[in-house]
Amino acid sequence: MSPEEKTLDYTAGEMMTVTAARALVNGMTCFVGIGLPSEAANLARLTHAPDVVLIYESGTLQTKPDVLPLSIGDGELCESALTTVSVPEMFRYWLQGGKVDVGFLGTAQIDRFANLNTTLIGDYQAPKVRLPGGGGAPEIATNAGEVFITLKHSPRAFVRDVDFITTLGFGRDGKGRDGVPSIGQGPTRVISDLCVMKPDSATKELTVVSLHPGVTRADVVEATGWAIRFADELEITPAPRGEELEILRGLKARTERAHAGQ
Amino acid sequence: MSPEEKTLDYTAGEMMTVTAARALVNGMTCFVGIGLPSEAANLARLTHAPDVVLIYESGTLQTKPDVLPLSIGDGELCESALTTVSVPEMFRYWLQGGKVDVGFLGTAQIDRFANLNTTLIGDYQAPKVRLPGGGGAPEIATNAGEVFITLKHSPRAFVRDVDFITTLGFGRDGKGRDGVPSIGQGPTRVISDLCVMKPDSATKELTVVSLHPGVTRADVVEATGWAIRFADELEITPAPRGEELEILRGLKARTERAHAGQ
Amino acid sequence: MAEILSLHDAVARYVEDGATVAMEGFTHLIPFAAGQEIIRQGRRELTLIRMTPDLIYDQLIGAGCAKKVIFSWGGNPGVGSLHRLRDAVEKGWPRKIEILEHSHAAMACAFEAGAAGLPLAVLRGYVGSELPNVNDQIKFIDCPFTGERLAAVPSVRPDVSIVHAQKADRAGNVLVEGIVGVQKEAVLAARHSIVTVEEIVDDLDTHPNACVIPGWAIDAIAVAEKGALPSYAHGYYARDNRFYREWDAIARDRDAFTKWIDENVMNVGGNA
Amino acid sequence: MAEILSLHDAVARYVEDGATVAMEGFTHLIPFAAGQEIIRQGRRELTLIRMTPDLIYDQLIGAGCAKKVIFSWGGNPGVGSLHRLRDAVEKGWPRKIEILEHSHAAMACAFEAGAAGLPLAVLRGYVGSELPNVNDQIKFIDCPFTGERLAAVPSVRPDVSIVHAQKADRAGNVLVEGIVGVQKEAVLAARHSIVTVEEIVDDLDTHPNACVIPGWAIDAIAVAEKGALPSYAHGYYARDNRFYREWDAIARDRDAFTKWIDENVMNVGGNA
């Protein structure tokens, strides 16, 4: 890290988005979830990965929005896409057909085996909190080559066992993908505002591999609902570079203006 | 029949085409087979049924060709269509989805229960004559509301039992549609150059209901490979009208010129 | 054959109490005007099908029209919850509703299968998800060729589907352009269909492979200008993202919601 | 990511002896130039998949490239028989070939299922047909919801698919327009794909819902001007219906056929 970068001010949210963006490799085909994943994926496209192919479940193939969509089907996505297909075609030919390298998802809850819950908190018949539901995630998580997940750290979000598995990570016992034909690798990294986690290669339990600058192990432990493990060779996530922050802030400012517009 | 129509000259083939065309009701949705059905369906559209909707398996919906297509996918069909969809969509949404009132088919062989053979003459493993195969017919015949069939009469074409049921009429025993869910009525009329046949309401055996002008029962019996029955109230098919012949001949002349063109 | 009707008459004729209704439009072209006409006409006991209930079903649910909702993602996109949906599910206001939930992939395939006239859709889906535990309409079949276990869901075959589109010609042929979602599938899968359009034109003026739904596959066309607002119509007007945000506060409170419905739905003439 | 290659190199790289090859184009955009390149390169033992073998497979079969043909309608459209297909099936010249035949509906669904990554396609098909007696790849399943018996066929998943299209841009994105057949499905279903095009342009200049296949879903693009003749390319040239008629006499006679292939395929440079 060079001295002038060290002195940059950035928020934990920006740290998370920049780190998530960096996970995408130029040329990858990425099925993008709305919200944080969309922000990260478009930042990647506007920085190191100009040829990343972004696909949204609304049917927009290879889209290059100038502002972030509020919904998964904003007009901007279609207008800047290579082409737009029907939603059945999107899920059948492009996702299930194996054309997606990485699915990029957010979630409400995640557990130690990277299972995602976006269905509800509490009991299904008498929910404490009703969440939006599965959307595209259940099949993105199994039909994409691999899955990146990004969400903010908190003990309510990072729980030992999700109340409901909406979307498979590695199952209740870490073996949920074993022997399943034509299934993707599943979650290969989880990026929060505190750290980066990867599944342990043997147990599939999420393990911290990198702490964001200034974050301590205790911070992560406190914000995680299970006794989270740390990799032997724990790294420090590189801080955002000035250019990344500038482009991210520009993107968010344009988005803010556009959405307030009408 | 008025005197001046009586004196019109027309061929048996023209008689057949005009009669087949008349079977189509204005506004019907018709899935059109190539060859004789296409000629008849377009004649219908150019005469009494301007709003008949013609669909070809090439994906062309509601097409209005100025000349007859040689193949099922001539450019003319697409250029004059309301829209053109993929072939999977054509068979799934439009045919199987129940949007077709009548399927209009030709065939190489037909038997007394209106089963069609376009696969082969002789034994499957050692065919005497190899025919083109099923094409769209097997599912047109079962998924369209009803089926019209048109072909020239001869003992080789009208056989007691087809060598191979490519396409269901009423099966080997006339009961092939009984109790099958979501199946169309099947063949409701067969138009040849000699007569019009309909399935007997009880046995489903093809029965002559109308003889073309100048055709005798003996002519039909001789040209049919089984002891064909005649309806109690046997009618005489109305002869082609001058306008019909004129339009048919114009259509064929335009077609001839167009196909010789290149 | 499509008949050109007023929105009032189209809804009155085809949407009956107790009907199964799909009102589609994936973020784009959501038939809000038609939804509000259903509220105005006081339809009850509807089974509402939609991948994303969105504000349109939040309004219908809050107004008491629904007894059941079949969906796959029930949020206010980019904003948060659908408070009327949640209030009905969690607290039973204004009535308890039943929900049946799927994934997007399954619902998209179910619409496709409905359009294709099939009783079921088959997909590589729900692997490891607990949704099959709470939705008895998710089953599994074995591929007779490979032995692979695949998910199966019943196809969507509504009594009536309603979609919004850019334009129709005078014969009732409809052009849908942009994000086409499952709109065509919804129309083709239904026993009856209503399409609201921005305008009726002499000529659709389009290209050979456009998404055109022929008039003979539609029951009724109704003009509903701006009929998709606060969602949008590609080529006509943009999404009112601000209203989507404002809805959060309106829908969060039962009284605010009721007042909004009274002022913006009940006491206006509609597009009749 | 699509690489722009000469037709010679594209075929040499992706079409191997013994491969399963789908060359699609429903009457329109049939990739004749590519088919003839395969003949020139002397590929053997191919399993050829195509709904309508048409003249393109008649040529490949007569030239001895095929060991098996999977098809659903094997005629010369509007003209009569495919004499080289018949000669191979009936008399074993130049070699005995195996055939596996379907209906159009089943093959179209099988391509769709292949593109969708599924092992099987399900359709309401083959009811009362005797094709299932002679094709052991046609099976039946029971719908778990309704009990209805439905046909199932294996999806089409070729080693390589080859289609022809109007144009590609420099990134290899391809526009297919007009009768689109199962071309997109063929490309998406295959392990590798080659698309021949009339021209490479800066900008596809098309509409929001055009049938565009992204370059990253294609292996090779090769320019083959008039590469679909005697079939046609919407917007470029018309079908050579006269040649389709003339083919009948050429293909009817083994010597005439061999002479035609020698003069028109073997002893020309191709589009390399």
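Per-chain residue numbering starts at 1, and chain names A, B, C and D are given in the order in which the chains are listed.
We take it that contacts are C-beta pairs under 8 Å (C-beta built on N, C-alpha and C of every residue); 3 or more make two chains touch, one makes a residue touch a chain.
Predicted model only: the values in this text are computed from it and were never measured.
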### Comparison of B-C and B-D by number of C-beta pairs in contact, larger one
B-D
### Query
When the centre of a chain is set as the mean of its C-alpha atoms, what distance in Å lies between chain B and chain C?
40
### Query
Taking each chain's centre as the mean position of its Cα atoms, how many Å separate chain B from chain D?
28
### Task
Please report how many Å separate the Cα centroid of chain A from that of chain B, as a whole number.
57
### Of all residues in chain A, the ones touching two or more other chains
78-79, 84-85, 92, 96, 143, 182
### Summary
Multi-partner residues in chain C (2 or more other chains touched) are 112, 117-118, 123-124, 146, 148, 178, 180, 184-185, 206, 208-211, 234
## Note on the structure
So the complete set of touching chain pairs is A-C, A-D, B-C, B-D, C-D
### Task
Over in the complex, which chain A residues touch chain D? Could you list them?
27, 29, 53, 61-62, 78-79, 81-85, 92-93, 96-99, 143, 182
## Note on the structure
As the complex stands, chain C meets chain A at residues 26-28, 51-52, 71-75, 77-79, 81-82, 85-86, 89-90, 101-106, 108-109, 111-112, 123-131, 134, 146, 148, 178-182, 184-185, 211, 232, 234, 238-245
### Task
Would you mind writing out the residues of chain A in touch with chain C in their complex?
34-35, 57-60, 69-75, 77-79, 84-88, 90-92, 95-96, 115, 119, 124, 127, 129-139, 142-143, 164-168, 171, 176-177, 180-183, 258-262
### Summary
Within the complex, chain A is touched by chain D residues 1, 112, 115-118, 173, 184-185, 188-189, 206, 208-212, 214, 216-217
### Task
Enumerate the contact residues on chain D facing chain C in the complex.
117-120, 122-124, 137, 139, 141, 143-146, 148, 150, 152, 154, 177-178, 180, 206-211, 234
